[in-house]
């Protein structure tokens, strides 16, 4: 009798497992749910982009794309998890400038290699950052800010040490020859609060997170960090108009573990492209001030290399390094 | 009257059949999930976020808000029944609520929590409606120096959490502060005390700590003498508070609501302090402070009201500034962006239906919670009749799932085991866990703001006394210290008398 | 004051605090302290460790007078079975998958009580596993693998 029960349980378990992975070898990709790992806490901008894309990709692929937030260590925990996952395309990563350019340059111990541990899938969007000040600070242009910073001590808030925003500020300091003091916060929200309350006069922030305050005049935007002006805010000049060559932005891209079969990567990239062309997604991204790229895997591979080359001197100069 | 027409608009939006339905779903889910130990609102909302894509923006936010206060509510239920707080705020409820349950007054404790929460929710919802814009201005006046002084005040008040030795309670606060330092230093990025485990680089998980030092330590304590006697938790007394219970809870509820409403506005962790502050106050004004820690009804009524009031008013910075006060709010902002609403100061003017609809739904949600939960009390209390040896394996399974679901981090599970051991060692050595938890929550805020204030003032410590709000808070801390230690000195003299007499 | 502590629990508590303080103090030594004007990452922890050390010494000293309850019985069986339960879950949830891992976890935890007989423990573990899988995996859609790669099927 007891044997009977165990056997029945075993059969039930086998049946359940069988349903989950029926004929994994021969069936066409994807035949089960795909896990999209977002290496940051839920609610941030990467999370939002990831969830929007995951939903549309799921529709195209005919399988659910399940979002899993694996936050921690500036995104490197989640990235590390994907680097170590099975190279079958069922575990993919929402990479960012932090996971695939900054962390590998900043971390003393490299938990993964951004180039050799991943199969690039698609560069999805570029998100501009913005340099903004509390309206009580008597500057209206980037040049006025540089002049003021050379006369008196100023400080700028960012979402944390070693983040793209911190380094945007560091790059600004190095190109403008200023020494604006960096005040790191735990995330963009508290940094923004202190700038709105004029506890700190200057902030480098993602354009989407600051845009509401810029529109209502609670913040004065001096410049966007992209090489050209952002389509959603044509009135804000680019910092590059004052400091030629200045360019930073945050980007989001999909990565699979290295060794993922090229046809699987191609299928994922195709689904991502379809997702980003969906009119509703286009509208959501525009509201988010994000520029859609939806690149091919090869373009993303080039992009990662270019970004690493661009940030290396900045990281060295800003003297940021984390254990 | 602008306010009246706005509120009317809000209620008309919130009371549409569809929105009532989603509000109900939200509070129901929130309560159910809050009741499972270890699983908080953050994990739940993250799980349900994809579902809300399909809904109208108002409905989806109403549902998410419902989950948030539903979970707060459910968390208090587990804190009272099995000493397992799911959120920092219900840690305070656990102190006296669990003692009440052990004495067979679980029903009364749960009813007190329900009534207190409802009253606080009602008052603070109207505060949000009337004062949201001016209150925001106050919140913005809080810079690093002010936050530091506020945290000092919080730490000073933590002394009142002790019902044994003040020295040992202070030692627990300090240990909590140290545990709060674990993780990456915000200013230099240096990892501290992580023992080479990068999974801890964002700090120890609050849920793992709370579940360990409160819940698991309590399970172990119950297993100590199971040879000798029946579990105390089997006895279940009356379910409904009597007249004298009601009289005992009115004052604490009113004071708790006030404290919670004020502290909830501050985006940098003010709401966390609310429940602790209320407990301190109640212990101070009580005629028999000795009762605290042994099942004082005021120790449940005050903190629960404060906690719920704070939960409501912490929507103020979210709605008026678009700045999240806690991870749950961050998720709601994410939901708004996905819905194409740019959060920020313009939401109230651009999207009045959304803004006022959410505010009105807060009150409706609170009403639903109290209507839903008062009858459920009987059911919850029956849970206590389940033999303990059946209950605790279930608790362990739920804790494991819950802690893991927060961020899929297996090291959080190892931390649960470690803190269970630590918590048990602490109870054996007669240390109390609540001050440790307060220290843990305040520690990072205290350090971060101290250092930020010093950097911003370019190394001038007078910044703490030259800024009026900061100075006021520091003076209040001094006042509390005097209040606490004067009677303590007098009391110890009394005790000497009693001993010499006996 | 006698040579032996009269309150053994508090004596142990004092020693416990001192040990913890020494541990944190030792861990802090590698960190930059900075100055009080420009604090480094080690400043605050150093101050706290010192405070904790002082408190530990005070508790220890006080234990030489005064009376307290004894430490009392220790739940050895509880410690042996309760604490490994979440550790086991953590070690196996990815490899074995949610279902088998939770089943064994519940089984381990149930052994903490002498009152739990093997058959009821098995029934309880099956029930908990089935219900949790239905609620968390199917209804809430938590992204856990139900059966992990370590299993042959």
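To keep things simple, chains are lettered A, B and C as they appear, and every chain counts its residues starting from 1.
By our rule, contacts are C-beta pairs under 8 Å (C-beta built on N, C-alpha and C of every residue); 3 or more make two chains touch, one makes a residue touch a chain.
No experiment lies behind these values; they were computed from the predicted model shown.
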(message) Can you identify which chains form the pair with the largest number of contacting C-beta pairs?
(response) B-C
(request) Would you mind checking which chain's mean C-alpha position lies nearest the centre of all protein C-alpha atoms? (result) B
(request) State the chain with the largest centre-to-centre distance from subunit A, centres being mean CA positions. (result) C
(message) Rounded to a whole Å, what is the gap between the Cα centroids of subunit B and subunit C?
(response) 22
(request) With chain centres taken as the means of their Cα atoms, state the distance from subunit A to subunit B in Å. (result) 32
(request) Could you grab the centroid distance between subunit A and subunit C? Build each centroid from C-alpha atoms only and quote it in angstrom. (result) 35
(message) Could you pull out the residues of subunit C that touch at least 2 other chains?
(response) 141, 143
(message) If I count partner chains per residue in subunit B, which residues reach a count of at least 2?
(response) 187-188, 190, 408, 455
(message) Using the touch definition from the top, which residues of subunit A touch two or more other chains?
(response) 67-68
(request) Using the touch definition up top, name the residues of subunit B that touch subunit C in the complex. (result) 44, 47-48, 165, 167-168, 170-171, 174-175, 177-178, 181, 185, 187-188, 190, 192-193, 216, 219-221, 223-227, 387-390, 392-394, 396-401, 403-405, 408, 410-414, 416-417, 420-421, 424-425, 428-431, 447, 450-451, 454-455, 459, 461
(message) List the residues on subunit C that touch subunit B in their complex, please.
(response) 9-10, 12-13, 16-17, 20, 24, 27-28, 31-32, 36-42, 44-45, 48-49, 51-52, 55-56, 58-59, 62, 68-69, 71-75, 77-79, 82-87, 89-91, 93-94, 102, 105-107, 109-110, 112-116, 120-121, 124-125, 128-129, 132, 136, 140-143
(request) Would you tell me which residues of subunit C are touching subunit A in their complex? (result) 99-100, 126, 141, 143, 146-147, 149, 151, 153
(request) Note which residues of subunit A are touching subunit B in the complex, please. (result) 41-45, 47-48, 51-52, 54-55, 67-73, 76-77, 106, 111, 153, 155, 160-162, 181, 183-187, 189-190, 192-194, 196-200, 208, 211-213, 215-216, 218, 283-284, 287-288, 320-323
(message) Using the touch definition from the top, list the residues of subunit A that touch subunit C in their complex.
(response) 9, 13-14, 16-18, 20-21, 35, 66-68, 86
